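Letters are used for the chains, namely A, B, C and D, taken in the order the chains are written, and counting of residues starts over at 1 for each.
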Amino acid sequence: MKSARNRSLAEIASLVVILTLIIIFFSQASPIFLTQRNLDNMLLDITTVGILAVFTTLLMIGGGLDLSVGSTVALCGVVIGALQGTWGILPAAAFAVAIGALVGLANGFLVTYVGINPLITTLGMLSIARGLAFVFSDGLTIPVFDSEGTQFDAYNTFTQFGEGQVFGIATPVFIMFVLFILGLLILQFTSYGRAMYAIGGNAQASQLAGLSVRRYRMIAYMLSGLSAGIAAVLLTSRLYAADPRAAPAMELTVITAVVLGGISLAGGKGTLIGTALGVLILTTLLNGMKLLSTSTDAQNIAQGVVLLLAVGLDQLRTRDINWTAWLRGSRLMPDGTKAIAKGD
Amino acid sequence: MQNTATPAQSKGVIPKIGRWLRGERLTTLNLFVSFIIICIIFASQSEFFLTLENFANIGRTLGVVSIVSIGMTLVLITGGVDISVGSVAALSGVVASILWLNFGVPLFLATLLGLLACTVVGFLNGYMIAIVKINPLITTLASFSIVRGLAFVLSNGQTNQLNDEAFKFLGRGEIGGVPVSLILLIVLYIVFFVVMHFTHFGRNLYAIGGSADASRLAGIAVRRHLLIVYTLSAFLAGLGGIIIASQLASSAPRAATGLEFTVIAAVVLGGTSLSGGKGSLIGTLVGVFILRVLDNGLVQTRVSSFYQDVISGAVLLLAVGFDQIRLKLTSTFGGK
Amino acid sequence: MKLLRKFVLLTVLLGIVAMPLAPVTYAQAQDCPTAKDNYVIGFANLTEDIVFTQLVREGILAAAEEAGNVEIVLADNQLDGATALANADNFIAQGVDGVIEFQTDEAFGNVIMSRFRREGMPVIAIDIPMPGATFFGADNYLAGRLAGEALGEWVNANWDGEANAMLVLELPQSGPIPAARMQGMEEGFQETVNTPVADEMIFRLDSKNTQEESFQVVSDTLPTIPDAEKIVAITINDGTALGVIAAAEAAGRADQIMVVGQGADPSGQEAMVAENSRYLGATGYFPELYGFQIIPAMIDLLECNAVPPAIYVNHVFISQDNICELYSEEWPAFCTPS
Amino acid sequence: MLEMRHIRKSFYGVKVLDDVSINLYPGETLALLGENGAGKSTLIKILNGDYSRDAGDVILDGVPVHFAEPRDAEGAGIRMIYQELHYAPELSVAENLLLGRLPHRQGLLGWMIDWNAAREQAREALKLLNVNIDPMTKMRDLSVVEREIIEIVKALSRKARIIVMDEPTAALTPPEVQQLFGIIRDLCKQGIGIIYISHRLDEVFQIAQRVTVLRDGKHVDTRPIAEMTHKALVHMMVGRDIEERAEVRKGTAAIQLGDRLLEVQGLAKTGAFEDISFHVRAGEIVALFGLLGAGHNILTQTIFGIEKADSGNVHIGGHPVQVASPQDAKRAGIGFVPLDRKVNGLVLGMSVQKNITLSNWSTLAPFGIFRPKKEMHNTRHWVDKLGIRMAGGIETHTRYLSGGNQQKVVLARWLEANVRVLLLNEPTWGVDVGARSDIYDQLEALAAQGLAILIVSSDIEEVLTVSHRILTIYKGHLTGEFMQSEATQENLLHAAAGGTL
């Protein structure tokens, strides 16, 4: 009865344990792992995934799914690169964020008003956005710099997004933290966050309780696109270049991290703390493996195995299994669980 | 019981229109019409589109996606999804070529063992989904990266030649002028059509997708069915991989990248619902045709590959979106 | 034995072109701040997905082992700028002594190099020049030209100097390195062949770096040129070339096509030596030998010895004519006269 | 014939069944009674192998048996009619009826399904209950009630030795209930044992020979029904006395009626209802009574903006309102308690507090930010006022509440949203006796405070008990209006059946 809260605490606790184990392992295996410098690098390295994960969490709690974020990052970056000359770099960056929001809005419209399945919608958008990124850039990486030497201040400001520091923290990391805290506040204290949980938990009931389910959902998709726009600005500013190939398969990394953190694909449950832990687990794992010069293939395999382990263990833990009977070889297995086909 | 009129008995023109609009036949019919329209557009743009040679070409290149789509249709009908098919397809070729080249296993046997490896992967997928009860998207997302990684590790990233006439026959050969892979896919579609419509196994899959609970309570072994479906899906993906390898006379760990997305797009285009319980193999076949013809036509009309991505994505959204809007309209025209 | 042969190859194939440069004299080794007994060198590979770069990696590891006092730290740039930057940061955190950087685009050069410069690390850039780094690698355009010219000459000799159509199997998603190779091939062919192929008969197709995609797009294109009986194809790598040939064979038009490519990997070589091969040949880069040039150069940089700012690899167009001089051991059946 | 001895079962450490024993004789109907959460459902799920038991024995014909899966129980001839509907919406009625046992063809094609035979078998099965539904209709296209009927047909159509019925009549109208009872008696004559679970005690007295009562997972008693009275039975179930409502009601003074808060004029929707006009005054409880499919459910849905009307208009408090969505309805001051609270009413994975405040964010979360103290204060107010009982406080997920308390949470939501008009669809479906009485009390109190309440119900007892005025509806037309004093079972049923009975 009272176990709902305990269970989510247990889930977070088990994530912390996994994270700790990974950290202990790699700190033993590599002397560099726990150095200030490496930790700084790691934080900087997760900004794109981190920013996208915050809003993907919101979206998925509301029962949505967005596979197009990686492509949208690339598209928004290319928009900056393509428009910097004519519009000036800062308006171009602002416009890119708006384009991100627009892509998200289009996703949201197709999902909520037209009623196409989110997986299909964002799969289609993945293809469209990536294609447009290549079309607008002609397939080339566009350097972002003051080619005419007339916008020194503007470019200086722009590069601050990627390279500057705020309160001694790298700007992208700072922005990620701000967005994370914003997300926490939204989920905890605002009606918007409450709406996400309600809609993800039971969209029909929420609709009948008088919530404008469509509008809330649409906003969630828009925020997801918007966050892709923000991530694109930070990335472009950090690399001094806009690449139509940017953020390859980012959507899968983000979803892996978010699901690792306990977000259910069915919606209605999960927390940002869990997501943060999921992102950290994934990135420490990959960072540690990189430090040990592990091949990319092994990293891919490890990523898959960790995902399966985390979700699988969680599944086993939350089930009330009669272990003694199971050990005796009886066919008595789970109980209390319904819905066999559709996971959680 | 003085029961109410069921929709099938209600009278009047408007409900009739509503029923007709809601009908499944129309989804397939719509698809057919869109298919014809796409063909007409391309035929008007490229004089070579409607040539015998091009038909033969489409028949030859249809095999992989259509065969893997069978498995995906089954999986989607049970309410699941299988993201790992592309990786699994790569695995079958890699395993077969390694066994043949490095261990001297006869190629025929090596091919079978390659398929076996895929079947095992499918079984593990099914086990995780049906027994451990992990969400299918998550499970197959994980095996998607694990299996692709395995293919690279096993092959050491190398492309291997599979120069063997008998082996090439599967992907390139012809019987009476008809490509072998086309014959194979027709046979498979007929077999699975019969399975889905005239056997208990097939009907049970619809029932499971419609309501796993109802099926379980009706005494259907839901877990076993799911296990079989994911195993089948991986087996068919492996078969697709073997056809790729045979067509190219080589195997590469990079093969079939992104196949899962093409396949899911084709199946969903064909009217199979991602929420399970609904779909048909005929629709899937039409979906596969549409995507193949679209690609073929875009290449032939020499559209830049950058635009090809945009157009494929847009066609998917348009087709599925149109179907959704049609379903919505039905509620205005005297639906239930 | 194999190593020895590689060294012979090395001396034959790799000409060091030292750019004329204001003579720089360095102090002796004891004054050199970076000189040490043992070195840790970071190598960030372009990608681990293709054979070419895998061979580069293997060569560098082999060369490091041979040098004895060099340990290599590996990373994979995954064809992505952000990943390359993260890897660069990682190398710095790991405190490597020098870096071999193989990344995807010149546009990222500045930001990546700024990190290394701050640390005073010597950098060797493979294939993509980066400001302030020693350049090593292919002149991709020239390498492309070699294949294009060879194909042109073959057409001049066998098809009366005229081809009906040209298939260009490119890799537009993968940035400037493949683009330069493609441009070289195309221009090399068109300038060598007696009658250049008309613009409208040049088909630019996206190979997406997979064999089956190249198979597919060529299969789709062949029906649109039913009358073409002399088709040339220039391809970005061996896998793509094999896809083209497979498509022509499947359409029953293998004898109407001739293909050149880039790379000359084992799989490509196997196709070249086949009977009635439609794979004329490919430009060899000998990526497995890169390391044997790069590692000594890196050690020189670290020990403050003079190193030319750019080291170019000499390319050879490998075909049936010369494969036995280079790889006789690999293809005994073809190279041993019966 | 069947014995379940000393069954124990707990979930997550909570004891759900504690030493429960029942037995069943051939040809007998055993009523299994108890409030929600008493453990009835768990017990029968253990019987059919859906759940495993922690301890105890199941003995069939003197032999201990063990059912690991529902399939095993099927094999032993045990049939279930579940309270919750289980069906595949995209499949035909025939397929759903014959799920898992579609007929085979003969001979070489023995592995194939014989569709003609399947259709015939389905038709036969439907004839059992005289149901006029085409077996090839898709389940999706049936109404909720029709689906419920199919569920019953499904269980009856197979050769069985024991049939367990978990509230089979929840969706049925009295004539249909009688028809079902006729079938049950026939089945008993064939020696089939029936376990009958219901909240409607009058049914139990009609059909059962013996009754077993559970309370809080414990076996209270098993007695022949002849020895029992209505009151004694309720006492056994609830553990305390509950007054007979109707009697209490007759004694209350005349109520104060206010203005017409809800007025419906000429509302029509093709295929559902025609030309509906009525009004509900402040302080009045009006019941809309009809047989299944009469159009009353869809009527309330239309007033609430879920469905769209073709013509007609709705006035709230004397002003015409345009209600195109539930949001509009909420704004206009209409609240709606849906038919299926688990599917349409509650977010089960959210706490009681969050469910209660779900429709009142405009006051509780000005500028989108919640005021936690006020929210908690308001929640407490309604929890106390409506007597919502839960273990673990207002943070408990509504999933763990009993049906009656869940219904109260939905009710509290609309009160919190400060609506003036309340529409309730079958407010006491699956709600046990104690909570039912509570809900009626509350509705009365709310009406007394000036709310206009419209109840849609197919339960004639409920209609007679709670409402001040009763409207009957038949095939989408209003056919009668009765004040409570003049309404009887006979005249209501007569009007609700089109006046031709």
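Keep this in mind: a contact is a pair of C-beta atoms (placed from the backbone, for glycine too) under 8 Å apart; a residue touches a chain by one contact, two chains touch by 3 or more.
Only a predicted model underlies this, so the values are computations on that prediction, with no experimental measurement involved.
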Chains contacting each of subunit B and subunit D, listed by label: A
Interface ranked first by C-beta contact pairs: A-B
Centre-to-centre distance between subunit C and subunit B (centres being mean Cα positions), rounded to whole Å: 37
Centroid distance [mean C-alpha coordinates] between subunit B and subunit A, Å: 29
Chain centre separation in whole Å, for subunit D relative to subunit A (CA means): 42
Residues of subunit A whose C-beta touches two or more other chains: 134, 139, 295, 297
Residues of subunit B engaged with two or more neighbouring chains: 152, 208-209, 213, 216, 304, 306, 308
Subunit C residues counted as touching two or more neighbouring chains: 48-49, 172
Touching pairs - complete list by chain label: A-B, A-C, A-D, B-C, B-D
Contact set on subunit B toward subunit D in their complex: 1-4, 6-10, 14-15, 194, 198-200, 203-204, 206-211, 213-221, 277-278, 332, 334, 336
Of all residues in subunit D, those that touch subunit A in their complex: 11-12, 14, 51-52, 54, 68-69, 304, 306, 325-327, 329-331, 336, 338, 343-350, 354, 358-359, 361, 365, 368-370, 372, 391-392, 395-397, 400, 413, 417
Interface residues, subunit C side, partner subunit A - complex: 48-49, 72-76, 78-82, 85-87, 89-90, 92-95, 104-108, 110-111, 172-176, 179
Subunit D partner contacts - residues on subunit A that touch it in the complex: 1-5, 189-192, 194, 197-198, 201-202, 204-212, 268-269, 320, 322, 325, 330-332, 335-336
Residue ranges of subunit A touching subunit B (in the complex, touch as defined): 110, 114-117, 119-121, 123-128, 130-132, 134-135, 139, 252, 255-256, 259, 264-266, 295, 297-301, 303-305, 307-308, 311-312, 315-316, 319, 334, 337-344
